[in-house]
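For reference, the structure I am asking about is given below.
Naming follows writing order (A, B, C and D), and every chain is counted from residue 1.
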Amino acid sequence: MKQLDETILTNVIKRRPEDSFKGNFGKVVLIGGNANFGGAIIMAATATVYAGAGLVTTATDTANSTSLHAQLPETMFVNYYDKVQLSHLVSEATVVVVGPGLGDDFHSQEVLAKVFANTNSDQTVVIDGSAITMMAHNKIEQPAGNIIFTPHQMEWQRLSGIAIAEQSPAANQKVQQQLGATVVLKKHHTEIYTGSDTYQLTIGTPAQATGGMGDTLAGIIGGFTAQFADPTQATLAAVYAHSAIAEQLAQTQYVVLPHQISRALPIFMKKYEN
Amino acid sequence: MKQLDETILTNVIKRRPEDSFKGNFGKVVLIGGNANFGGAIIMAATATVYAGAGLVTTATDTANSTSLHAQLPETMFVNYYDKVQLSHLVSEATVVVVGPGLGDDFHSQEVLAKVFANTNSDQTVVIDGSAITMMAHNKIEQPAGNIIFTPHQMEWQRLSGIAIAEQSPAANQKVQQQLGATVVLKKHHTEIYTGSDTYQLTIGTPAQATGGMGDTLAGIIGGFTAQFADPTQATLAAVYAHSAIAEQLAQTQYVVLPHQISRALPIFMKKYEN
Amino acid sequence: MKQLDETILTNVIKRRPEDSFKGNFGKVVLIGGNANFGGAIIMAATATVYAGAGLVTTATDTANSTSLHAQLPETMFVNYYDKVQLSHLVSEATVVVVGPGLGDDFHSQEVLAKVFANTNSDQTVVIDGSAITMMAHNKIEQPAGNIIFTPHQMEWQRLSGIAIAEQSPAANQKVQQQLGATVVLKKHHTEIYTGSDTYQLTIGTPAQATGGMGDTLAGIIGGFTAQFADPTQATLAAVYAHSAIAEQLAQTQYVVLPHQISRALPIFMKKYEN
Amino acid sequence: MKQLDETILTNVIKRRPEDSFKGNFGKVVLIGGNANFGGAIIMAATATVYAGAGLVTTATDTANSTSLHAQLPETMFVNYYDKVQLSHLVSEATVVVVGPGLGDDFHSQEVLAKVFANTNSDQTVVIDGSAITMMAHNKIEQPAGNIIFTPHQMEWQRLSGIAIAEQSPAANQKVQQQLGATVVLKKHHTEIYTGSDTYQLTIGTPAQATGGMGDTLAGIIGGFTAQFADPTQATLAAVYAHSAIAEQLAQTQYVVLPHQISRALPIFMKKYEN
């Protein structure tokens, strides 16, 4: 298992060409946030915007539209129950992030089905949180696209069928290869299974152990894969950046809040661009 | 009466184990905030999140869901009139904080009854504000759980039957022991009655004398008892931290606002972890 | 005409007694903010809270409750069309501030009538903006209380009948004495007519010439009169503080926004407490 | 083609006269923001307020009123479907900014028609985003006023009929002169066509290539033309300031967010006032 280090950031974060416009940095669509878990999709979208994605649209319950725009005017809003808008949005996207705060009831399943029906093989599709759980529980097929799963250990157990205690690198990799997807297995020392490679994150801090961290990671992956050429490398860089920023903040903070990581992204990323 | 000093912070605020996840730091549910007093539950939940609780859910009037998420995406929202969700949420919690901005009308009483019917003896239950008043006025029985009351002097008069002028340590302790609860009696030099011990806070500043301070204290107690092993010690540390931060801010501020104390928690706590 | 200087601040801003609680610093009720002008009452309430008032309630259109609490959880909210709540609130207040963003239509008049019917002679009543205009246009009688009008020149013309070009100190004072009220006439070098005295503000900056400054001033007057013994002195200090902070900010800013003045109050006031 | 440099700022940004009031700095009305694109009009209005306009009103979908006031109490709100209010507002304005996030459906067209029917030749009218697209697609006539178009290259293609690849200075200028308007053609090295002059912006950074930058520029133009005497010079200064601030922020940030540019305006402008 290869260990990730700072070089992943310098490899991935490229100086932007002088003559660039927002269209060069991707269209990201984030889908999630029911009436209870609106904060999750707000945190994810915040991460995507601060990571530098060109255009960010958040498809969520209308209950969340005002709290979203109150803190993040830089994203567009779509009612995720509007099937016409949602289908069009997903099919036009560069990157799709689905799952943060989506819930798992009948309505959530409808939204997920509509998303999965509209992805295509040119897209990166980040599947997070309850979207993973619904896939496992309802035996939903993996959609078209370059798929990145971001489960925590229990979600991975549901998706892979491997009990947490038996989630060895070999067992995990076997299922990941069957899935033909990248798997970011979130845990102490997160593991990334991608293609035939496995990577381990050896940085991070227990100050990150708070609700919303995973949503924020999904958003950063969305932002990085939208901008940087190689989705695998971009994912590795996103995972590393998320914990590296947390470590920096944890030098003076007992707990690090998810939105603080997002806000720190523009200055953090600048240090590594080349 | 023992005087609290800084050592309570170093005794309580433990360095987090490297291999920890959000589940290690408790599930806190805060219940309160009617259509008029939404700010109170927002301030309490903010305190709990910034104190480092693992998962924080706020059960409040739907009128408050957007203002809550507009400033604190790190909490989940539940409509406190949804009895099924509320019951489930309370019964699954590590710590329950009930009362900030709850009001005392018929609807508030229904919510309180539903909360009290679902606590259990493994939980810490912080009872604040109008929840105390309703218990006194409506002769509501104390619920299951490790109970922490956080009354100001008038609320304590209502609950204990001791007129403010007669709230001597001996009289207070007698009732506290009958209740079998911890009592945080908020006043100039707050007193904490717990088990057979009594403690006094000798720090604090009149710059704290502003609306919302008590809501914030309830939230910090919620956050500390969710994370730290001994609920009594955690409560003492929370009371001390609340006023110590206020004192620091008051060195340069004429008035200290409640949300400022919450925002200062991560950096303040870091200095005492060991 | 006496010129105000910094000594008004040291005379008024008293060190708070160690043993004080929020009840010592007044209950302020602010009434205003229709569906169009919600920002005005938010700015006024923000000023009152940051000035250190003990308890602050904002009575406004329900359309504004969420935007209010999204940035200022430290205030309570009341629907100003709820006549029972509004009457009770006003009659229990220490200080009433009415007018910021209230508008002047039929609904606004109803609200104003309800406010004026419930003030009493122990209260300070700050009458601002369209409340002044409605009094003039509809020949509404001055309510009970220690009245402080805060008109700009056009509003003063409406109330006093003195055309702007003829608003000389002598003419202004004559009407002010007939009114038996304090008049804060907002203009370049604001004039304050109170009792038999007249004062002039000689500080201030054109960077303050932006929408919302008057709402903020009304809020600071509300906060100061709630806390400090002499309402006249408190008003003078509020007027001075408002422009002194603006001057400080304008050293580095081309324009000073109203909310910036409010946020600066706690640190500014600390420098003058004695 | 003349190259813009810093002197445009010192030429335009005048020290405010001591005896000034908000009425001296213009009434700006911004119209835009449907239920999906509310963030766009919020970003534009934020820019106008922080640029120092005297009075700023935002006419938008009611879905956006709360998110607007939650972050920008310094603007007034009008429901843009209220034709009476909208007509009155536009006809009374000094500067009209129409288009950010307006959308292009039937409702958007109705709003645009009402705006265009109420402008007059004394006003500056900034036409941005989908307002340009609707003019082109629906062959809507240019309204009365000193017109400033702020298209990106695709919008300019729609309006001018010149394909992007053929947008040479000569071709652009020819159409601009037929229009009798100022054209701010947003691109890498933005070009401004005005009267018989053409200007080029040679500063700017790819960190600006993110959604909302154009909305922010439209808002700054609105704020500058409201305050400064010569609309052409004010427009040039606004374009320059927008990118100069972005360059400053980009020295330490990989991406610059639109709201950051607006927040930086007061301090930036101060350095150039004379």
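Convention: a residue touches a chain if its C-beta (ideal position, glycine included) is under 8 Å from a C-beta of that chain, and two chains touch if they have at least 3 such contacts.
Since the structure is predicted, the reported quantities are computational estimates derived from the model, not experimental observations.
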Of the other chains, whose C-alpha centre is the longest way from the centre of subunit A? C
How many degrees of rotation bring the Cα atoms of subunit A onto the matching Cα atoms of subunit D, given to the nearest 5? 90
Whole-Å separation of chain centres (CA-atom averages), subunit C against subunit D: 34
Distance from subunit C to subunit A - Cα centre to Cα centre, in angstrom: 48
Where does subunit A touch two or more other chains at once, residue-wise? 66-67, 70-71
In their complex, what parts of subunit B are in touch with subunit A? 13, 16-22, 24-25, 49-56, 65-79, 85, 265-267, 269-270, 273
Subunit C partner, complex, touching residues on subunit B are 35-40, 42-43, 46, 63-64, 66-67, 70-71, 152, 187-188, 206-207, 209-213, 250, 252-259
